[in-house]
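Chain lettering (A, B and C) follows the sequence in which the chains are written, and residue indices restart at 1 in each chain.
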Amino acid sequence: MAASAESLGAFLIGGYLGPLAILAVVLASAAIAGVAGRLVRISLLLTLPIAISVVLVSVFTRAGTHVLFSIGPFDATTEGVDFAGQTLVRLLAISTSIGLFGLTTDPRSFVLDLERRGLSSRFAFVALATLEAVPAMVERAGVIQAAQRARGLDTEGSVRARLRGVLPLVGPVILSSLTEVEERSLALEVRAFGRPGRRHLLWRVPDSGAQLAARAALLAVLLLSIGARLAGVFPSLP
Amino acid sequence: MLELRGASYRYAGYAKEVLHDVDLRLDDGEIVGLVGPNEAGKSTLCLVASGLAPASIGGTLRGTLTIDGVEAAGLATHELAERVVVGFQNPNTQRSGIAATVFEEVALGPMNLGLPVEETVERTREAIARLKLEPIVRRDPQRLSGGQSQLVGIAALLAMRPRHVILDEPTAQLDPAGTRLVGEALRALAGMGTSLLVAEHKTDLLDGLCTRVVAIDGGRIVRDGPAREILDDPALAELGVEPPARARLSRALAGLGVDAELVAATAATEAGS
Amino acid sequence: MTEAPTGTSVAVEGLVHVYPGGTRALDGVDLAIAPGEGVAIVGQNGSGKSTLVRHLNGLLRPTSGRVLVAGTDAAGRRVAHLAATVGLAFQDPDRQIFARTVRAEVSFGPRNLGRRGTKLERAVDAALDATGLVADAEANPYDLGYSRRKLLALASVLAMETPVIVLDEPTTGQDARGVARVEQIVASLAAAGRTVIAISHDMRFAAESFGRIVVMRDGRIVADGSPAEVFAEPAWPTLASTFLEPPLAARIGARLLLGSTPTEASLVTAVTGSV
């Protein structure tokens, strides 16, 4: 919830002030949660590709009067730099908000809490199964690799040898996954996963009054910002 | 009571039937052993007896399956799940893939049945105790050994307290201790009125456990009778079924003055007791 | 078997293996297996059997201790290289089968070891013959039932004609015919002088097909000897401590005060002798 509010806020408030304020809030929260370092690394990593293209495009093609320098037919203007700067900060605000969500939320708890609040149990199952799918595949691939290596498949030699070794690994991983699908879905039916209706979950994600208040406050700020934007309180977006 | 009458089954997309005119009856409190060579139709029979064939996997079933007086043909898969469970031997496919701990994995069945939380927890605890899984309740189900996974899979089914339990090679991955454990758990269940069908190669296990034994070959029931009688039949080996050690040794020692009862008694007690 | 090399020795000295999570799966194991020996390794799940044998071809490396294959240290030798000496047949055939035909699957191993032409074909043919899969040579592996897929996995290692062959639970999930065939295969390997090591939960299979039984518990060897020694009555408490039971033949022999009779044949002989 916080992530969405903050991302929208970044757009609504405009200028540098809004996004920077949000960035500050996010980083502070991250520091409290102990993930500040990872957050900064991940956000920069994710934002960099977009950022580079945005900066290049904006700096050189934004309509403006005050030219700083030129490369060929392209003029870099202060307006362009200004726009690039604002966009960059917004991007960072969004990516850090979402990043913070990703780093501090346990996906299982998230899905289970959604189910408790009304998400269909089938949908919850698919979401959870997808989360587990990769580790399960990795494990399976490990077993298969051991069996193939025991038959002389060389995975420690030259790069070419390793590449040649891919098919005997990929084949069984996919094949065994597929052949197991029918038996797996049968096993699920046996355990009544197909039963319509709600179920009484064993888990309850802890939710405190403080969190509830925080969510309410964020929502209020968001709504106020929307109002203010519409009323023309904020400087217009370039 | 679970009863199959004149059941003939053909998998979806296949021309030939793999079960032919099968009659099978499971009374409450009975443990029936199912033996036969691989590819004789044991697994298919387990699927058909559970109603999942054709309810879940399709295919064509001729004949009838009646569970506690109700015709299975009209039941949805989750309605079948409330009455009969079937477990298969591959622990990887029996795992849900979404449980974080063994406790959760076992609890999923009762939870899915829409039971209140206290009931779910109680049934889960009971199933875990039956299979002595307490030491591993907090472990990640993905990280267990094949044997542990198999025990967890069985517990997950038992937690649903079904009236009828069908197990296809439940001890395939287990060591002798695990095999004995499963045998005890199944015996306890039967004592409470559950009816069980257990397909196994380990005739030694069936020897001490089952009241009746059914043998299948080429999709047909070729033997159906009291366990001792069927397992002692010298022709069992020709059917591709390994006789229990007790039967084999009794026969080998028969002409040498060693009483079959002594062999049976030795088989029944544990070494050193 | 064809003109395959005869067996070779394998040994482990003070072998300790600790898994990344901290589990001490092997707690100082000493085991020396001579060329041509047939050894069955038994023990509860978790006793370290699988961990131990995976050191023999380098899939696992010691945390401390040594692994010797054919007299030389296995450290620093690649798995693909050790596989030419130690073949390992895994328990689950579906976690290795990848080829479109049975023949192609069986050819994978020897091909990796550099066999070509008639040598390759002969090795494959011999393996198919030993496992009863000649008629299925061109079939798709997944058209075979589980029993025969397991035999296929075994064939694919037999075809590599390694001096040492390790079988992980070869009879699990097999019906009577399958078990009989595995017993036949073990017997011919032994007759050809190969070193055969099997992990098994089947005490009867172990006693009947192997000349030496090694019992493991909690990462250590607690008993090591012939079936007659390991399944003799004085050794029963050791077996019980790891929740294993001696084969019925041994228990009857003890009951009848005939000494140690771990196999049906030895029991019958003893009974006949005492009459």
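Heads up, the rule we're going with is that a residue touches a chain if its C-beta (ideal position, glycine included) is under 8 Å from a C-beta of that chain, and two chains touch if they have at least 3 such contacts.
The model shown is predicted, which means the values in this text are computed figures rather than measured ones.
Taken chain by chain, the contacts link every pair, so each chain touches all the others. By number of C-beta pairs in contact, B-C leads over the other of A-C and B-C. For this pair, chain A with chain B, the centres built from the Cα atoms lie 45 Å apart. Note on chain placement: the centre of chain A and the centre of chain C lie 49 Å apart, centres being C-alpha means. Averaging C-alpha coordinates per chain places the centre of chain B 29 Å away from that of chain C. Along chain A, no residue makes contact with two or more other chains. Listed in rising order, the residues of chain C touching chain B in the complex are 43-46, 91, 145-148, 172-179, 201, 203-204, 233, 236-237, 239-240, 243-252, 255-256, 264, 267-268, 271-272, 275. Considering their complex, residues 47, 50, 52, 56-57, 76-78, 81-82, 85-88, 90, 92-98, 100, 104, 107-109, 111-117, 120-121, 142, 156-157, 160 of chain B touch chain A.
Residues 108, 121, 125, 128-129, 131-133, 135-136, 139, 180, 182-202 of chain A are the ones touching chain B in the complex.
Partner chain C is touched in their complex by these residues of chain A: 140, 143-144, 146-157, 167-168, 171-172, 175-176, 179. Every residue of chain C that touches chain A in the complex is listed here, in rising order: 54, 57, 59, 78-80, 83-84, 87-88, 90, 92, 94-99, 108-109, 111-113, 142, 156-157, 160.
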